[in-house]
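Common to both upcoming complexes is subunit A, partnered first by subunit B, then by subunit C.
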Partner chain A sequence: MTRRDLTSHLGLIAGLFALHFILPAYHHGVFARVMVLAVYAIGYNIAFGYTGLLSLGHAMFFGAGMYGVGIASYHFAIPALPAWIIGLGCGALLALVVGLLALRTEGVSFMIVTLMFAQAAYLVILYFSEYTRGDDGLVIPGDMRAIGSWDLSDEGTRYLLAWALFSIALMLSLWLVRHPFGRVLVALRENEERARLLGYDTGGRKLAALVISGTISAAAGGAYATMFGYVGASFAGVQYSIFALLWVLLGGAGTVLGPFVGVLFMTYLNDVASGVTEAYMLIAGVVLVLLTLFAPQGIVGEIRRRFWKDLP
Partner chain B sequence: MFQIEGLTAGYGQATILREVSLQAALGEITVLMGRNGAGKTTLMKAIMGLVRAEAGQIRLDGTDLAALPPHQVPGHGVGYVPQGRRLFSELTVAQNIEVGLGAGPKDAAKRRETRDEMLELFPRLGERMGQRAGTLSGGEQQMLATARALCLRPKLLLLDEPTEGLQPSMIEAIRQVMVQMRDRGLAVLLVEQRIDAVLELADRISVIEMGRNAEDFTKPEIAPGETRLRAHLGV
Partner chain C sequence: MTETTSKTKTSGLIQPTRRGALKTLAMGAGAAATMPLWARYTSAQSAEPIRIGFGKHATGIGAAYGRWYERTSVAAIEKINGEGGINGRPVELVTEDDGTDPRRAAEVLEKFANQSSCDVAFGTLFSHVVVGAAPRAGELKLPYFVCSEGHHVASGMLNRWTMQPGITDVKSQISAMAPFITDVLGKKVTMIYPDYAFGYDHRDNLAPAIEAAGGEIVGSIAIPPTETSFTKYFPQIPRDTEVIYHVMIGPAVLTFVKEMGEFFGPSRPEIFGFIDSLEATDLTSPGLEFLDGTYFWEGMPRYLQDDAPDYVTAYRDAVGLDANGASVSDPSDVSTSAHMFSCWETLHVIKAGMEAAGYQSTEDRQALIEAVEAMTLMEAGPAHPGGTKMFNGKTHQVFGPQYISKVEGGKLVVQKTVDYEETMYPDEVDYTSMSF
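Then we have the complex of A and B:
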């Protein structure tokens, strides 16, 4: 990892910390949400951006983290931090099981299989409504949304926790892609057969990448549930799987900063467009088409292509 | 000693290689020749486990390579440089070598030593370490693909048409590397179509036609047998 890598990524982290003191209340809340969703996108980027695993079912991992926290807090009165760890474990376990089965396929088949697993997970959530409260979802009791003396219903605390989680995920992602293991993931994405013929157990590496990716996504889902106090089936639906793909593509697949930029861009694009017209998705759609035409590698990907060749 | 005996292999229902036998001794360059579609690349893939053997044996120093999954074959001392190089084009030269080393020696000092050896063997790569592999010239890509395979410190080096489409200076550089590898005691198995390129280089030539052994030439038989060799290849 070079000094330049560290400076640029720590610079973003420092900038986000500084924003805590200057952002108006509304944007403060938006940024907290953006940072948590960016962690989800960072997880997705490890599978898709770096390893080339195009999953259309990542919302099941986000949902696993969310429902792990929700059920632990709502039904068993488990405090926020242990509940979050349970959520993390649920995501890791689900990613392991799904990976063992889905990674027998590749390309379009992998995409379809992950989509089917995610739909099955979504239906399981609706079916076991006794525990998940189905479409209504779970509202996590206020006293379960605290870590020690930190009250997560307080916006300032929420922002700082979202910032801490995002900082850890970002630096973990940077470390991973600069680590020899990360190089092998990129090698797999580039040419799996060649990597195998250099002696790499590509199946094992892909499974490891998917489990890491699913665990980070679950960490985001669990944090979202604890911070915002609500767990709903829609977060595990296909729409949230496509959001992750969209954020990563817009920000720049296979770039460390891309997921954050993608989430930030989409959030504010929808926000601004909805202030102009009720048909805000139309405006968002046109902007996305233009971006795809003129920056096909995503915003950060384009910066890397034009100005900063070794941007991770 | 590397030895193939009675190898029959193919893709699904299509049998490409029929009872092929071949030997490649350590410290020798064995050239595999044949017309387009004769089964040369399929043979290379069968050695690497990418095409499953229906019958026969592929042995390197007593290990039956045909019984191994593809990712374990390199660990038993086989380095493969496929046709078309197939680099990790988004990775830099240094990162490509790093990936090659990752599957090679586990000891850090040994890895450094191997890396330095590669840069000594291909000094041009040393000048391009930060450059993305996809932006290298054809000759440099071939050097990198060969260096990456050599990072595994193989006993057997498979090269599938390594000089295809290269300029003469690059062809000579690649030839020099093959000679050096032979002199260091590696068995080099080279697929080549151009007779002129191998007449002096080869210690043994094996010709296959329609997936079967056609004729073998030992070193003393190569020059006198040039006309027959050309007839096999239809040139």
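Then we have the complex of A and C:
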């Protein structure tokens, strides 16, 4: 990891911390949500952006974290932090099981298998409505949304915790991709056969990447549940798997900063466009087409291509 | 100083010129001409409009409802403003698309509270969207008036800032229908419902209601929400079924009805459904002929009934409904009549609550909630065209009349109206004991 890498990423973290003190109330709330969702996108980026595993089922990991927290808090009155750790465990375990099965396939087949697993997970949530309350979802009780004296429903506390989680995920992602293990993941993405010929255990590395990716996604899902007080099946639906793909593609697949930029860009694009016209999805669609045409590597990917060749 | 200036100063006195005097007169005349519009608001301490945030299901699965919820809300706001606004202030509707998505709906509430300076939020229909957004309303301390008919408000799972004063909930609707089903249609009931939350509300509440009314559930068939063909489910209907109770919704409902017609042919059992299945759908659509002679629940009649009182016709005219419950400008654009009246009534409850609380600014939001909690009887009339209702301040839920209609010649004709007294059930929560 170079000094330049550290400076640029710590600069973003410092900037987000500074924004806590100056953002108006509405944007303060938006940024808190963006940071949590960016953690989800960071998790997805490790599988897709760095390892080349095109998953269409990552919402199941986000949902595993979310329901891990939700069921622990709602049914067993487990406080926020242990509940979040349970959510993390649920995501890791699910990623391990899904990885062991789905990684027997690759390419388009992997995409379809992950999509099917995610759909099965979504239907499981609906099926066990006695515990999950089906598609209505669960509202986390207020007293379960606290870590010690920190009330997570408080705007300031929520922002700072979202910032802390995002900072950890971002630096972890940066460390990972600069670590020899991360470079092997990139090698797998570029040419798996060659990596295998060089003696790497490609299956094991891909499984590890998927478990790390799923665990980070679950961390985001669990944090979302406890910070915003709601657990719903729609977060485990196919739409949220596609969101992760979209955010990463827009921001720049295989870049550490790309997921955050993608989430931020999409959030504000929809927000601003919806203030201009009711047909805001059309505006969003046109902007996405233009971005795909003129910045096919995403926003940060394009910056790397043009100005900053060694941007991680 | 030239002759063209409108006034000249001499010895400290203002000397009006002829042109200046004419200008002043013209401005005065213009202002006088518009006086009826603004004079109504002059008693207000602030002339700023009261801003009501409307979370519209403009996209996503609720879009058909969102379109009509907005039309009804706009019509209600026009009426309220025409009558002098609220506390002498004009009312403004601030509409945001929530995408029928819980995450977006929570963001929309944040936007209403922190960016658009809305006084209250209202209008959400789909229950998962309400449940997802309500915690944020509580955190933002933003009064959130929902029009959802879900049991989530009265069940106690939400918070003190969320209320449902304009539409009854599923539990009371079902309990009102059960005696009619068992007394008139038959005692042995098979229910067919979508295999997710909306269906579960019916599944969980129908069985005890039917049993209490002297009937029994002989079959219960859950159909996955992704299903597109239903023929394999119909053989599961027990032979001794006297009544089929169905609450299928979504784009496949036309196929469901058509295939049910093909399965039974002319010798069908009695059929009772919730109009939710066919909101925004023309009952004369091909394939729906099979529904002739079947019964539906309605929250408010879609078709103009012969005995409709004046305030109902006034409401329909204001919203732009023809006698068939479709848009007067496009007869193929069928409304969501059984639900959308709740927007009209909710906005009138907000008005009444703000007037009772002496609402002046967002500082008075808590007083508004307390004022609405204190409400009880809501008499049928221009503010409540859906009929006389009873609001329960403890559960934040209104109880009102339920309409049972029969399809006759492709139109719904009301057969029976169940008054609110027969739809009430014991309280499951007391929100007034919760802190703000």
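Throughout what follows, the second predicted complex is superposed on the first by the 312 of 312 C-alpha atoms of A that agree within 3 Å, B and C clash if a C-alpha of one lies under 4 Å from a C-alpha of the other, contacts with A are read in each partner's own complex, and residues count from 1 in each chain.
Note that a contact is a pair of C-beta atoms (placed from the backbone, for glycine too) under 8 Å apart; a residue touches a chain by one contact, two chains touch by 3 or more.
For clarity, every value in this text was computed on a predicted model and none was experimentally measured.
Contacts of A:Tyr230 after superposition on the shared chain: subunit C is touched, whereas subunit B is not.
When the two structures are aligned on the shared chain, A:Glu190 is found in touch with subunit B, with no touch to subunit C. Using the contact criterion defined above for the overlaid structures, shared-chain residue A:Ala38 touches neither subunit B nor subunit C, since it reaches no partner. By the touch criterion stated above, A:Ser153 is placed in contact with subunit C alone, subunit B being left untouched.
Within the superposed three-chain model, A:Tyr200 lies in touch with subunit B and out of touch with subunit C [touch as defined at top]. By the touch criterion defined above, A:Val263 reaches neither subunit B nor subunit C. Residue contacts after overlaying the shared chain place A:Arg133 against subunit C, while subunit B stays out of touching range. Of the two partners subunit B and subunit C, more residues of subunit A are touched by C. By the document's definition of touching, neither partner reaches A:Ile303: not subunit B, not subunit C. By the touch criterion given at the top, residues 180, 183-184, 186-187, 189-191, 193-202, 254, 309-310 of subunit A touch subunit B in their complex.
Within the complex, the subunit B residues that touch subunit A are 48, 50, 70-75, 80, 82, 86-92, 95, 98-100, 102-104, 130, 132, 148-149, 152. Against subunit C, the residues of subunit A that register as touching in their complex are 24-26, 29-30, 33, 123, 126-127, 129, 133-137, 139-140, 153, 155, 228-230, 232-235, 271, 274, 278, 280-281. Touching subunit A in their complex are the following residues of subunit C: 58-59, 96-97, 101-103, 106-107, 110-111, 113-115, 127-128, 131-136, 138-139, 150, 152, 157-158, 195-197, 200, 224-225.
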